[in-house]
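Structures follow.
The following pair of complexes shares a single chain, subunit A, combined with subunit B in the former and subunit C in the latter.
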Partner chain A sequence: MKSTTASQAAPTDISTTGTARKEPRPAGRGPRRGIRRQLPTSPWLFAAPGLAIVGIFILYPFLSTLNNAFTDKRTLIEGDYVGFANFQELWHDEMFWIGLRNSTLYVLGVVPALVVLPLLLAMLVQKHIPGITFFRSAFYTPVVASIVVVGLIWVWMLDERGLVNALLEAVGVGKAGFLSDQWLLLLSAMTVTVWKGLGYYMIIYLAALANVPRELHEAAAVDGAGAVRRFFSVTVPAVRSTMVLVAALSSVAAFKVFSEVYLMAGPTGGPAGEDTTLVMLVQRVGTGLTGRVGYASAISVVVFVVTVALMLLVLRADRKEDA
Partner chain B sequence: MPVWEIVLRYLLLVAVLALMIGPFLWQLSTALKGPHENIFSSPPKFLPSDPTLHNFERVADTIPVWDYALNSLKVAAANVVTNCVGAALAGYALARLRYRGRKAATIVFILAMLVPVEGIIIAQFTTMRELGLNNTLIGVLLPGCVSALNVLLMRNAFLNVPYEIEEAAFVDGANVWQRFLRIALPAVKGTLAVVAIFAFMGAWDDFLWPLIVLSDPDRFTLTIGLNYLHGTFANDERLVAAGTVIAVLPLIILFACLQRYFFRGVGEGAVKG
Partner chain C sequence: MRISRNPRRAVAAGAVLAVLLPLSACGDGDDGGGSTDASGKVEGEITFQTWNLKANFKSYFEGVVDGFEKKYPGTKVRWIDQPGEGYADKISADAAAGTLPDVVNVSPDLVAPLAKAGLALDLDKSASKYEKEYLPGAWKSHQIPGMDGTYAFPWYLNTGPLFYNKRLFKDAGLDENKPPTTYDALFDDALELADKSDGKVATLANVPTIEDFGRYGVPLMNKEGTGFTFNDAKGVELLTKYKKLYDAKALDGQALTATPESTGKKFLTEAVAMNPGSALDLEKFKKDAPRLYKNIGITPQISSTGKDNMYVMGVMVNTKTKQTPAAVAFAHYVTDAQRQMEFAKKVAIFPSTEGSLDDPYFTKQDGKDETRVRVAAAKSIKTAVNYTPVLFSEQMKVELRNSVAKALQGKQSPKEALDNAVKNCDRLLQQS
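== the complex of A and B ==
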């Protein structure tokens, strides 16, 4: 991402539009030649499909979400402006607080695991030893598999009569209600999120580790630093900015969790809806023939605000450590 | 590396391997178990004693799983084409062409990348209904058919292509389309491959958006169909397992074939990032 801003300043443009080229046209070259080279509109022709899709299906819906949050719009009814009524209702809506609690818990549970574990995994698969490509690809399999498949696999594994409970029983621990207990269910969903995300972040770390100069490790080893010491004084500082990136990406994703919990807890969000997350609430409230689009939009606005806040928080923490 | 370290490494690798692909193998094993086998035994039985493909036929009898797979395939293939073409064109315009409003166009894509899709999904649905496209596969496809992230990925790739080559072509009289097709595009094949893989996986895997936009079971994609299968026949794990195997196998095969390009491309992109 950093290269985006850095390269913006680089003078890499090839100016081709007639107006941008200041030198006069040589005599004998008619304007047709210029037209054949590049129609004046063609930069926009290049960008137009992308701009249109993004404009119509991302930015316009974003703006209308902000707008709808202040209306009582429903699925088939336009609705009127109601000011902050939706937000006042949110304040007193028990389900909203449950959703906010669960989405927040999700961030707190998932992010530390996703910052640390993939780094260890990347260090494990970093060395070029025979068969390592196979292991790398195999570890990536959960990322490739669709979330629905992953959800259903784990529902079956964690079922009352599933593999995990069968194993627990076989070793004499006894069964646990992974999918029926409110808190175990949330914990199980977090585990699945971490399990599915490991390979993805492993690749990001792998690229970062490739940039750590080998000499640093060798110098530290010569100075008598053990593996643990080298990890904390060489590896971690070298990949710190990647850790921040992973923390930012995973916390935003964790706060918006939908599929894992939806699949494992069911559309109503577990016992008494206690496992509902905010995005599940948006989906439940805002869809269907009686969907309360306005109210769902208000919840969405909360999701935006918290997401942006999370990003800023992580980036700020990064800058503080720099100073 | 000392021998003990190599041994330790392989032991750890195998342990993680079991953790990462074990669940898939367990699902495959369940899907292959016959109707008279106890799939709930404790201690669990890891290999089917009497392997059968019968469950795969039964999935097809219960839900039109092949139609769903075809729907998913259509959306995913279209998504690959639109993303590669759209993102390459727009990325090129952002990286290599100069015109008024280019900065603004770049900002539009950056903003769009930052908008959390989960938060605008209801408004996307309303927009789709206004266009009369809800409950169609086109409706499933459109919102992600040129993703802002891919545009920016392509932009960065084009920025890294040496400027001199294109300048030489310009001097030789190549117009912008020729330069784009003959010089710039072949130079960013790696990133294009990554965009293609991500586009395919993204569309094949998507759950929330098709769940919202599709209401007619005839038009379900595989992910929605599977969830439906799970909901309707939760009691027969063999069926659900067979369904998930059908859904995940094409992806694993696709990935196994392309992983070489994939890891190289992602590595290149991330190293620069």
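== the complex of A and C ==
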């Protein structure tokens, strides 16, 4: 009985107490024992730098934001715990609801376009024809371009005296307030987001399309299916999981949009702040020497909860489809 | 010391330490701070931070630093410059982390929160002997309502005229040699210009800001500095007039989202007829818009109070400095009459030191447009006022701007919009 217990406890003993080291080494098992002894420590050593980085740059800021959300901390003043007061204030803050509305509209406007258009684009550039690399690169260029540069170019184009309005005027439509009308401004920003994201998701779809067996298309074609039928019956089911991934990624990115709207609508968030998104609101109320860090943190917590909910929603929808 | 012989625990403890040790450095950085007594020996190393000045004035500041180090052997000044964009954010990050430089270039609205947090040295206590060297108004510009003391040395001042496009005035049938000099004339001319150009040429490109309310004669704050008052009858009157301009397209259609940069560009491309500016802009017009420069008209700022608006820069000393005498001495050295005069001759700014504006450089005409602007501005600056209250934060500016936009769009009446702006700004003031 005693010997059984000892042998059961052996692995723990070797790694913790060191007692086993005193025991005679069984012939031919030396190296294996050595590996077993190192196993528990070495993964931690390898992971330590990564853990430290995660801890410092992700975990600590996250926990700190969570903590601040329940305080009235300001930039230069530590503040006190105020319970749910910040969240209660959010409930009555008109700008918060405007931000939530715009961020939600952004998801609704941008995600369907970013799920469908890059797929169509990927199918176009999937073909191996001469010069196709040029088009692939051209469609990918906006992805690598700086968002500030992209924003400025679009602002110039959509300005009252910009290229787009000049064209509209030339064809007799008249000028449109792309940068001054509340809804057109939001739509313009969405257009920029879609334009800039097309190439990125196109690459993801290209990888997915490469894995669709050609035989399926050929079999469908033999059965008399046209291009449209093949698209819906072969391509879409084959890349469905990629579409879910794109939907999840783009919805989170769209809900957290900042740069496009900030660059096009200006620091006030459009006329009377009507184009402000939630992240813009975080930046506006939480930065500067008089920034309300606690209140901005409360908005950040809401953004976090909504983005997690969005992810779960998309993944749940995918699971339902599978069932 | 007992060291755990359990490797898992040891590694886990190491990982936790690796995470927590750096975090322990992320405190408020309060390491005790320095003395407020500036009377000791001027020595030691200090840091000096400027606001976007290195690109154009590197040699000037290197000369200032060299001069100071020669005057006070044993001192060392490390000059750092920060970009204009996000300067307030940089200062707030430094202040929160306890890494604010010893001597910092600030504006009055930046000084206020720093002083409230106890980070700006009260010069009335530490350096009052220098007060007489500066213009009284400039010295007062870094005083904060509700607090005793002066929290930065006044540095350079800036003001400027209104520029107008003579060609656009002429095309609209207006006398290009008689620009508006009163608000009533400005609004009348703007409406006529919009009408004659069929709404294609606006006169102004920016919505009224807090300075505009001040210049119009609207009381901005109560005397105690505890509440804003720009929603009075005069404020409502100004906003009502702007609403009329907006409806008539005499105010640019993109004014509600405009920034100073975009407004300047509108004037440069002759899309708007008038824009405030400074002597610096003349050079820009000459270089970037020769056609505009040929038609440029220059007229004094329009003000109902008889006092122009001016912008004030200051140099504050961090209370946490370890070298208070050296920091105070350097802040004074940078802003003294000799250095300010030298700097003014390099760039179109105006010194805040007593008597400097009487220099022939600011009083004698030589027939050039730049000189004309400089002399006129120097004359006006003696009585000019910084209309932006020192307690008016960035967040408050956004509140006012959004309320003004609602009024101009007709979503709220001017009275309702200003009442809301005052209510929100008061709330922010109480929270600051």
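Assume the second predicted complex is superposed on the first by the 274 of 323 C-alpha atoms of A that agree within 3 Å, B and C clash if a C-alpha of one lies under 4 Å from a C-alpha of the other, contacts with A are read in each partner's own complex, and residues count from 1 in each chain.
Everything below uses one rule, namely that a contact is a pair of C-beta atoms (placed from the backbone, for glycine too) under 8 Å apart; a residue touches a chain by one contact, two chains touch by 3 or more.
Just so you know, these numbers come straight off a predicted model, no measurement behind them.
Chemist: With the two structures laid over each other on chain A, which partner does A:Gly273 touch: subunit B (first), subunit C (second), both, or neither?
Modeler: A:Gly273 contacts subunit C only, not subunit B.
Chemist: Touching A:Gly291 in the superposition: subunit B (first), subunit C (second), both, neither?
Modeler: A:Gly291 sits against subunit B and subunit C alike.
Chemist: Counting only touches as set out at the top, which of subunit B and subunit C does A:Ile56 meet: first, second, both, neither?
Modeler: After superposition on chain A, A:Ile56 lies in contact with both partners, subunit B and subunit C.
Chemist: Based on the superposed arrangement, let me know which partner A:Arg74 touches: subunit B (first), subunit C (second), both, or neither?
Modeler: second
Chemist: Please indicate which partner A:Asn211 is in contact with in the superposed arrangement: first for subunit B, second for subunit C, both, or neither.
Modeler: A:Asn211 contacts subunit B only, not subunit C.
Chemist: Using the superposition on chain A described above, determine whether A:Ser300 touches subunit B (first), subunit C (second), both, or neither.
Modeler: It touches subunit B, and subunit C stays clear.
Chemist: After lining up the shared chain so the two structures overlap, which partner does A:Ala265 touch, if you call subunit B first and subunit C second: first, second, both or neither?
Modeler: A:Ala265 sits against subunit C, while subunit B stays out of touch.
Chemist: Contact-wise, after the overlay, does A:Gly177 reach subunit B, subunit C, both or neither (first, second, both, neither)?
Modeler: It touches subunit C, and subunit B stays clear.
Chemist: Go through the superposed model and pick first if A:Leu158 touches only subunit B, second if only subunit C, both, or neither.
Modeler: Neither subunit B nor subunit C is touched by A:Leu158.
Chemist: With both structures placed on chain A, which of the two partners, subunit B or subunit C, ends up touching more residues of subunit A?
Modeler: Answer, by number of touched residues of subunit A: B.
Chemist: If you lay the two complexes on top of each other, which residues of subunit A touch subunit B in one and subunit C in the other?
Modeler: In the superposed arrangement, which is not itself an observed complex, subunit A uses residues 15-17, 44-45, 47, 49, 51, 55-56, 59-60, 159, 161, 287, 291 for both subunit B and subunit C.
Chemist: If we count contacts the way the header does, which residues on subunit A are in touch with subunit C in the complex?
Modeler: Against subunit C, subunit A makes touches at 15-18, 40-41, 44-45, 47-49, 51-52, 55-56, 59-60, 72, 74-78, 159-161, 177, 179-180, 185, 265-268, 270-273, 284-285, 287-292.
Chemist: Give the list of subunit C residues in touch with subunit A in this complex.
Modeler: 5-8, 10-12, 14-15, 18-19, 22-23, 26, 28, 88-89, 91-92, 95-96, 110, 113-114, 116-117, 119, 252-254, 256-259, 262, 269, 271, 393-395, 398, 401-403, 405-406, 409, 411, 428, 431-432
Chemist: Which subunit B residues qualify as touching subunit A in the complex?
Modeler: Residues in contact with subunit A: 1, 6, 9-10, 12-13, 16-17, 19-21, 23-24, 26-27, 30, 40-44, 82, 85-87, 89-90, 92-99, 102, 105-106, 108-112, 115-127, 142-143, 145-146, 148, 151-152, 155-156, 159-160, 163, 166-167, 170, 173, 175-177, 179-180, 201, 204-205, 207-208, 211-212, 222-223, 226-227, 230, 237, 240-241, 243-244, 247-248, 251-252, 255-256, 259, 263, 266-267, 270-273.
Chemist: Taking the touch rule as given, give the residues of subunit A at its contact with subunit B in the complex, in rising order.
Modeler: 1-4, 7-8, 10, 12-17, 20, 36-38, 42-47, 49-51, 53-62, 64-65, 68, 121, 124-125, 127, 129, 133, 135-142, 144-149, 152-157, 159, 161, 163, 165-167, 169-170, 195, 198-199, 203-204, 206-208, 210-211, 252, 256, 258-259, 263, 279, 282-283, 286-287, 291, 293, 296-297, 300-301, 303-304, 307
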